[in-house]
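Each structure below is given as structure tokens.
Okay, so chain A shows up in both of these, paired with chain B first and chain C after.
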Partner chain A sequence: MEKKKNRSFIYLKKYWQLYLLLLLPMVYLLVFKYSPMSYILIAFKEYKLNMSVFEMPWAAQNGMKYFIKAFKNRDFIVALRNTISLNLLDLIAGFPAPIIFALILNEIPFKKFKKTVQTVAYMPHFLSWVIISGLCLQLFAPSSGLVNMVINNLGFDSVPFLNSPNHWVATYILTGVWQSFGWGSIIYLAAIAGISPELYEAASVDGAGRFKKMWHITLPGIRPTIVVLLIMNLGNILGSGFDRPFAMQNPLVMEVAEVLSTFVYKNGIKGLQFSLTTAVGLFQSVVCLFFLLLSNWLSRRLGERGIW
Partner chain B sequence: MNVKGKSTQMGDWIFVILCVFVGLICVIPMINLLARSLSSSEYLVKHSVYLIPKGLNFEAYTTVLKDSKNIRAFVWTVFLTVVCTLVSLTMTAICAYPLIFQDLKFRNTFNILITITMFFNAGTIPNYLLMKQLNLLNSPLVLIVPACLSVYNMIIMRSFFYGIPESLRESAQIDGASYFTILLNIYLPLSKPVFATLALFYAVGRWNGYSDALMYITNKDYYPLQMLLYNILNNINNVEVAAQEGFSTPGLAESLKAAVVMFSTVPILLIYPWLQKYFIAGVTLGAVKE
Partner chain C sequence: MKKKALTSMLVLAMAATTLGSVAHAEELVDGKFAETKHITVEIYDRGNDGGTDPTNNMYTDYIKQGMLEQYNVEVEFVAVPRWTEVDQINNLLAAGDAPDICLTYDYPTILQYANMGGVLDLSSYVEDYKDQLPNLWAWLGDANINYDKDPVEGTLWAIEGKRANIRRINTFVRQDWLDALGLETPTTLEEFEAVLVAFKDNAEALLGDDADKMVPFSTSYDIGWRAANLIESFLDANMTDKEFYVNGFDDRKFTENGTKEAIRVLNKWYNDGLIWKDFPLYGSGDTTEDDMIKSGYVGAFIHTWDYPYQPGVAITTTLHEIVGENADYVAIDCFKNNADKYAKYSYSSAGDRKIFFPTTNDEPLASLLYLDWISDPAHIEYLQLGDEGVTHTKLEDGSYAVMAAEAPAIMNSGQNIDMTITCNGLHLSDDEITVKSMANNYAGSDPEIVICAMTACLNDSIMQKAVNVGAIEAEAGVGNALSEKRDIVFDKAVVASVEEFDSVWDAGMEDYLNAGGQDIMDERLAKWEATFGDADMLP
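And now, the complex of A and B:
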């Protein structure tokens, strides 16, 4: 016993500095990431101001009242539907774009030109969604926007890019592609750079052309990267950032633009329905986690490496 | 230059043209915006401004710069961004560094504690209620502290630290250097690239972020630039502003909005190209599986 105590003393004497360094980050995680988890209980309780979470009375229907209420709430169902459909469209349009861009860049033999194109393509990633929505207002305005000015000059009628629901969805998705394709290509370019040049040389000797090499060497070479990123995207199918939808939406298109994160903000922080919106948030987090675990498991079954 | 012969060169040009097209799509919105901000309102009302300013004038910019509210928000956001970046970098480093020592007891516990937060977040409302309980609502601290450590960025830094040869710190330890000394004198100087990358990530995140201000702050004095911009673009609370700032004249309102957007974007556009080498390395490091 004496010896054991002595040993941990020696151990601490050696390592205390490392623990001291970790102290602040761990306190941060406990306070800002773990302690709010106790508030999740509100989803199962009747929210009362000036009462601790543990004292609040349980909600009716075995605490499930607010989950049932959410699923009977038309606005919630609409937000859920929009979240899923916008994410699916994002995946369909946004996932291949950086891969295609990386393949195109890979065929450029002029180094300086390639680097300039990259710099320009990374630019949209550094713009905030407030700024991008401002750009959209300027570019797509019904008569004074650049795009509609061009369309009008060609003799066609203005397109309501931001005011009609269907057009808004298309604008939203394409703006997302515009914002992320360049940044997303970085990871694929790195993967392409890791492919052995000997493979290309051997293929050239065998008489393979540019597109054959792309199809039979480059694409298989970056397949693991593609799969991992696809899993992460699929796992996030019910996730919804806040900045992008909130900045892009406008009153005319709410029917297609309201997503779960903005629903929670409007009904919770603005509308003070804390129990209902905590229930919605919890539902979203749990489903997200489930999808992530599922898609990771699936990719391992298919013989690819998972994300952990 | 490629030395594969003429037939390959021909094909290359198709890709060059594709790239030029993609590049134009990226920059044309910004060029259009710049042209609008510099054009006079009569041309804007006539819808004749495309990519080149017409009736060149700086009225929109002088109006934006004359308004002390804009300048205030700009200075405040610069200050916030610098403080956030420094605090976050410190937090990231002191979290990543101890975790590279394989023989540290409870290292796995710490790692698990960190990883869980990546997959499960308490949610918007619980976070809001926490800020309320900590009395952080409407405090400028709420824009700094809650986001001062990104686990993703910590993992990037840790991967970088793993890449520094162990022999370096072992020989320093033999010479009697403490863990603090090793961090300050070996790891920090060797990690400039990853610090540059993460500084950019944190700075851009703070500069561009507005949702925390939207949710936690009602005192307009603490609004960061993006929040102000959001209100201007969406014509919120412009009723009293309209008269003084010329928002009522349609043409000038357009060029003013364009000028405000340029005003809040230019700082980042000036910085990011110089850090390209670093952030590419950073993104790639983040993708490396441990």
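And now, the complex of A and C:
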């Protein structure tokens, strides 16, 4: 006993600076991430402006009033459906894009060209969605958009890129891919750089061509990275950024464009239904957590490492 | 030692705040507070080009100085962006930082705040301090002060500001285009449509190389406002007060009988290529459409009664620069209802901005005195006119004409309506001078054209009657979501193909009603019947 105490004392004496350093981020997390979580309670309570969250009265139906209300609300169901389908489409179209891009980029022998392409591809990542949606309007509006003007001049009718639901979904997904594939490829390029060159040399000696090397060395080499990113993406299947859908949506496509984050904004922040929308947010987080755990478990079953 | 000093200071500060809140029914000494009070007041920030700091300019100084001298009250203004005011006030209230005097146009929002315990009940204050508030009572009267008083509970969450000017919406057409094509001013719906067709057919003659930019009729995503004259002309002239009230939650007349047929007309125009194709894509506050109008591509539109003349929007002045001095939008009357009248709704003199005090307001008396001060006719007159030779000149007939003002004297809102919160619209001590001056009030526009707009929007106009049967609970919290749904249905119905119009409209209406619209109408009906029995009309 005495010895153990002594050991940890020596340990702390040796490393106390590190723990002191750790204290700061921990305080940050506690103050800004954990203590606000007590307000999750308002999902189960009647929200009052002038009371602390612990004093507010409980909501009806054993505190579940707002969950029941949400699931009875057609708009919520539509937003839920849209969130899932837009995220799935994003995953299908957006997840392979950076991998393919990284593989192609890796095969380019001209250093300068490679760097230029890389830099250009990163750029859209730094544009805010408000700007991108402005660009979309300038390019794709039915009568004044540049692309549609070209199409009109070629003698065809305007394509409703932004004003018909199906076209809008395609525009939404593809602008998303365009905005993020360059940036997303960085992490894969880093993983590729970590693959031992000896493997490639050995494969060349064995007579493997470019595609064989890609398939049998590069891809397996970055597989752990792919899996980790896939897990994180799946964990976010019900999450949604706010700025992208909000900036891109317009009244004609609301039936496919309303997602949970914009639903929460409209009903919670603008409509002052804080309890209802906290319930929605809580539901969203719980489902996300479930997906995260599920995909992590799956990947471990399949022999990968998972994220913890 | 230092620590001790700090502690005692904290204790003192705490004691002071406690004492302050206890000494609630404080009396004025010679109409003045013995010690200086501090209040904060919401003011809209319109972010207009070349405007002044909304919280600190010549006019705020005038108010601050006046309040300090007269009541020993220090006034601090808190800027709130005009176009996102409700969101902003939500945040401020939730954070406990809301100004002592708040205002908004939306009563259900205030009711929602009140249900959350965030609003001060004013019913006792306005009565108890009646003697100290002569100007407020004289200007607003019982009608506006107690307009929102709950008939059952007796609570009063907000005081209604008064509209000095009840003009609402006009239809505008490019007079120079009518002249160029040798067309008469349209006086019926059919003639109006013929004019739009003529604009479209003669685009080359009117716009030359820009012919493809021609928009005969422009509108925005907010169809209910931007086609209001058309919609209101389709409503039954004999609609009962009861029917109007039951449908009255939506101020764009969405659920009224007749609206659908009005939108059908727009749908036809859209499919005939008479309406701007991209209108639903641009949201609130976007200036794309204004720029089109200013560039001279737009033949006609429906909007706020003085929209093309408002100096802040600068349509007429820009049009004169780009197109020519004779390019003008003139107000016309061409939508008749089934009683052969150019029926259109004006504002009622109440129902404008609603002023409320959040529960964090520790100075209700000082705040009410502020409202009283701002309702003093002399103060209203100064804030609306400014200084002679700087913001206005006095004409021979005694009326006032606005001048283009320089930096510190620029008014951020027309006639400083953002500051005269109890009064919206020009209100001078003399009524006749008020009317004459209004026409002079639009720098860059011909007063005759403005007078034409002033007359047109009151021609056969109907003033909405006030109905108070108590709070409608179903309205709380759904206003924003429902108006957004309404806009979606309007927009989708206008752009639908002619064959699909009925199905799009009916599906959208069903969705609107299911999302809470029906609950509101049911509750309104029930409360009407509880108050007025079988009566169809207000007593």
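One rule holds for everything that comes next: the second predicted complex is superposed on the first by the 278 of 308 C-alpha atoms of A that agree within 3 Å, B and C clash if a C-alpha of one lies under 4 Å from a C-alpha of the other, contacts with A are read in each partner's own complex, and residues count from 1 in each chain.
Keep in mind that, in the parts below, contacts are C-beta pairs under 8 Å (C-beta built on N, C-alpha and C of every residue); 3 or more make two chains touch, one makes a residue touch a chain.
The structure presented is a predicted model; accordingly, all values stated were derived computationally and were not measured.
After overlaying the two complexes on the shared chain, residue contacts for A:I269 are found with chain B and with chain C alike.
When both complexes are overlaid on chain A, the residue A:G176 reaches neither chain B nor chain C.
In the superposed model, A:Q118 lies in contact with chain B only, and not with chain C.
By the touch criterion stated above, A:I40 is placed in contact with chain B alone, chain C being left untouched.
With both complexes superposed, B is the one of chain B and chain C in contact with more chain A residues. By the touch criterion defined above, A:L137 reaches both chain B and chain C.
Residue contacts after overlaying the shared chain place A:P98 against neither chain B nor chain C. Contact with neither chain B nor chain C is seen for A:P245 once the two complexes are overlaid on the shared chain. Residues 137, 143-144, 269, 274 of chain A are contacted both by chain B in one complex and by chain C in the other. Contact residues of chain C toward chain A in the complex are 86-87, 90-91, 93-94, 96, 109, 112-113, 116-118, 221, 276-278, 280-283, 359, 477-481, 484, 487-488, 491-492, 495, 511, 514-515. The touching residues of chain B, counted against chain A in their complex, run 1-2, 8, 11-12, 15-16, 18-20, 22-23, 25-30, 32-33, 36, 44, 47, 50, 91, 94-95, 97-99, 101, 104-105, 110, 113-115, 117, 119-130, 134, 145-146, 148-149, 154, 178-180, 183, 204, 207-211, 214-215, 226, 229-230, 233, 254, 257-258, 261, 264-265, 268-269, 272-273, 276, 279-280, 283-284, 287, 289.
Of all residues in chain A, only 47-51, 73-75, 137, 141-144, 158, 162-163, 250-252, 254, 266-267, 269-274, 276 touch chain C in the complex they form. On the side of chain A, the complex with chain B involves touching residues 11, 15, 17-19, 21-22, 24-26, 28-29, 31-40, 42, 101, 104-105, 107-110, 113-124, 126-131, 133-135, 137-139, 143-144, 146, 149, 152, 178, 182-183, 186-187, 190, 210, 225, 228, 242-243, 246-247, 261, 264-265, 268-269, 274, 277-278, 281-282, 284-285, 289, 292, 305, 307-308.
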